[in-house]
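Read the structure below first, then the notes.
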Amino acid sequence: MKKFLKGVAVAASMVAAPFAAQADGHADLSYVLVSHAPDSDTWWNTIKNGIALAGEQVGVNVEYRNPPTGDIADMARIIEQAAASGPDGIITTLADFDVLAGPIKNAVDQGIDVIIMNTGTPDQAREVGALMYVGQPEYDAGFAAGLRAKGEGVTKFLCVNHAIQQPTVGERCRGYADGLGIDLGDAMMDSGTDPSEIKNKVLAYLSANADVDGILTLGPVSADPTIAALQENGMAGDIHFGTFDLGEEIVKGIKDGTINWGIDQQPFLQAYMPVVILANWDRYGVLPGNNINSGPGFVTKDGLAKVEEFAGEYR
Amino acid sequence: MSDATETDERIKEISRLRQALIRPELGGIVGTVAVFTLFALFAWDSGMFQSQGVLNWTIVSAQFMIIAVGACLLMIAGEFDLSVGSMIGFAGMMIAVFGVVLALPMWLAILITFAICLALGALNGWIVIRTGLPSFIVTLAFLFILRGFTIYIPQTIERKTIIGGIRDAAEGDWLAPIFGGKIGQPIFQWLGDAGVIAVFERGSRTGEPVVDGIPMLIVWAIILVIFGHVLLTRTRFGNWIFAAGGDPEAARNSGVPVNRVKVLMFMFTAFCATVFAVCQVMEFGSAGADRGLLKEFEAIIAVVIGGALLTGGYGSVLGAALGALIFGVVQQGLFFAGVESSLFRVFLGIILLAAVILNTYIRRLITGER
Amino acid sequence: MSDPIIRMTNIEKHFGSVIALAGVSVDVFAGECHCLLGDNGAGKSTFIKTMSGVHKPTAGEIYFEGKPMHFEDPRDAIAAGIATVHQHLAMIPLMSVSRNFFMGNEPIKKVAGIPFFDREKADATTMEEMRKMGINLRGPDQAVGTLSGGERQTVAIARAVHFGAKVLILDEPTSALGVRQTSNVLATVDKVRKQGIGVVFITHNVRHALAVGDRFTVLNRGKTLGTAMRGEITPEELQDMMAGGQELATLEGSLGGTV
């Protein structure tokens, strides 16, 4: 028994170490950011760094929490937990409105300020009683991209959609068409996710529709094979090419001129802005009057230096 | 014979202490006390031990308990079910498909789902029995098969992987509240009015207590734990569960219907997973293809923390329930204590290891295993 | 002596082309200990499995208490009163003595119409029966794993006797035991025999057989080499039968065993 008690003592001291570490760094305000991403999703590292930087600069405590497996039902428990621990504010994604609306509403009714970031829409944010929405509304981002492409001379386009089952992603194509001021028609292609399939579909479409002068891809999954297709048929650098999100191949494509620009939803801002806004709201009672669109941020050849420098950290 | 008598007398002196202490649940009890002491020290003023916080970790623990009871009895009967997590996702999706897409009455959707999942549990068991393959492999196959269907079915009929609207479809149903409802609202309202628990400060629910009842999820957990414990320790069938897991050949020689016991335990595990799933979709109103990921391991971890032997024949439902409590309290408590969330797995690993070492020691004392 | 409880005549058992038993005749009387001797592979295991209903004989007759019997499965045999204590598979070490004792035959107590396992009765009976066999348990919830090998055999034997065995088949109960434990088990066999139960004691150890046996049958290559009464045969003769028989049967077996 004695041996066992000793074991417990050792275990306790081990367990206690991180708790103790947490105890210093006390600030007057504390916020919690809850994401829907599993531990394995590295994209969210930018978010973690964003809140850490904002917390440091503004002088508040911000914690990052997520369901380890990405289970949205577990995320609901984490929001409930966050509310129970009585923070000054909660920043959360709205990955599944049905599941998360209840816990978020309860937190709001309990007197906790909530800001929705990344996933969700401004309408949904209003419905759950959040202060605001910080993110990239898909349709608006597509619309802005369309306007820009119109100025750059695009008249007929192809939208390569690798995630046809996700309606929000398709909104990007719709917005792009409206921004160009043309009908979407059959310009949206259900490409699937297989790289060689995407490549061949793009090649076939372009040879069948010679008058297409613009391409929009919705992420690295569709952009990378499209780059390969354009390099194969010699249209690289000739056809106007815009894409959503950034990635290694996309950055290379922007560098060598294959891609005109990439649309960055700037996750850093999705993390940084809510913390700053909540702190100022709690301290001085000031709040921006609008939702904040963290994107689209257009990344062209000129802006690549910073992207490369801070890739994976703040970009 | 003189040897036996001597041993007897020698042991009797400490038998009272031994009997009080040396039980399969001892590891779980020690762990529970340790975990609560720790969090009381480090997270006392974090809201963890106020009504809302208590409800939070109780619900999470109750979730673990529901699947741990099934996993525990199955493990004692000598088998594993790795398809529990996939079964949770699948069952939730079946409710959505029958109740929302096909617009059947919710009670019928729930009953059909239970029937399908129990049949799948029986199929799991039947394959294990007939082929003699390790249940580890058979249920691993079902882990993939069920998860695959959970993604494929809604994608094919609805072109999406999350189906919502279950709460609306369950409105006014007589069976749905048994899984998604709450009990004891008047008591909590009274407690809120009396100022014992906090109340909402604004919004449509101003004045209502932040905890307005005990979710049926918790009631189910308690019922299943009691049922499992009584079944295992107080019935003839419970003895058969031990026997089937301890040594199926010896059990068969003694007239225990080992195959029937095992198939029934697979079905019970499926039942527990379905209860979990129905409670979840009724509370949250949507079924997603990613629900229940890795829950099979969480169930097994809770059971092992609770002192059950991975190879079967030994264990305790109460222990598994305590294991689930430890798991839930640690998972949520780390958030309350403000520990970096990526350290959760580290803690989990340490607890698992410590529990297994302690439990092995206790088990050797009890069973004379070497 | 009256009629034998069980009489098996000219039992043959074929597994495909392999003849495991080629006409074995054995009878067991109440209150006697009938030793079945034979080296490994002599057909002892096949024979007792036939006796306990696991195998159905290919040819031959089984008379139980004078009437011809056909066992469909081991449960028929158990119901009739033929209990088998297996070499290694008798007990589950992780379970308590009382749970082991009543495994498959749990006493039931109804509370509000629900049948519960009557643990008080099980515990009390177990303690009582074990005391009769000369084993003082620490408690009924003591795990079988904490018992010695001889004690485990004794629990298994006591269990069989308690549940009304008329014929008790002991499959090499002493093969893995030390000297003291062996003598305990042999003493138990003696107690059981005196209660009027017919014991079939399977062993390849002549000294153990002679210590408790009333009659001795030697099996070799699936055949009986004859049955002898106690006192009619010396250890040396038995040993010779087992060994010499083998030499003889090796020839026959290699010629006739692959029909």
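Brief remarks follow.
For reference, chains read A, B and C in written order, and residue numbers begin at 1 within each chain.
Operating definition for what follows: a residue touches a chain if its C-beta (ideal position, glycine included) is under 8 Å from a C-beta of that chain, and two chains touch if they have at least 3 such contacts.
Just so we're clear, the structure is a prediction, and the values are computed from it rather than from any experiment.
The most distant chain from chain A is C, comparing centres defined as mean Cα coordinates. Ranked by how close its C-alpha mean sits to the mean of all protein C-alpha atoms, the top chain is B.
One inter-chain figure worth recording: chain B and chain C are separated by 44 Å, centre to centre, where each centre is the mean of the chain's CA atoms. Distance from the chain A centre to the chain B centre is 34 Å, each centre being the mean of its Cα atoms. If you average the Cα atoms of chain A and of chain C, the two centres end up 74 Å apart.
Across the interface of their complex, chain C is touched by residues 1, 3-5, 7-8, 11-12, 15, 19, 233-236, 238-240, 242-243, 246-247, 249-251, 253-256, 309, 313-314, 366-369 of chain B. Residues 4, 7-8, 11-12, 14-16, 18-19, 22, 39, 61, 63-66, 68-73, 76-78, 80-86, 96-99, 102, 105-106, 108-111, 129, 164-167 of chain A touch chain B in their complex.
Taken in their complex, chain C has these residues touching chain B: 74-75, 78, 84, 86, 89-95, 99, 102-106, 108, 115-117, 119, 134-139, 143, 145-147, 151, 180, 184. Looking at the complex, you find that chain B touches chain A at residues 30, 34, 38, 41-43, 46-48, 50, 52-53, 55-57, 59-60, 155, 159-162, 164-167, 198, 200-206, 210, 280, 283-286, 288, 290-294, 332, 335-345, 347, 350, 354, 358.
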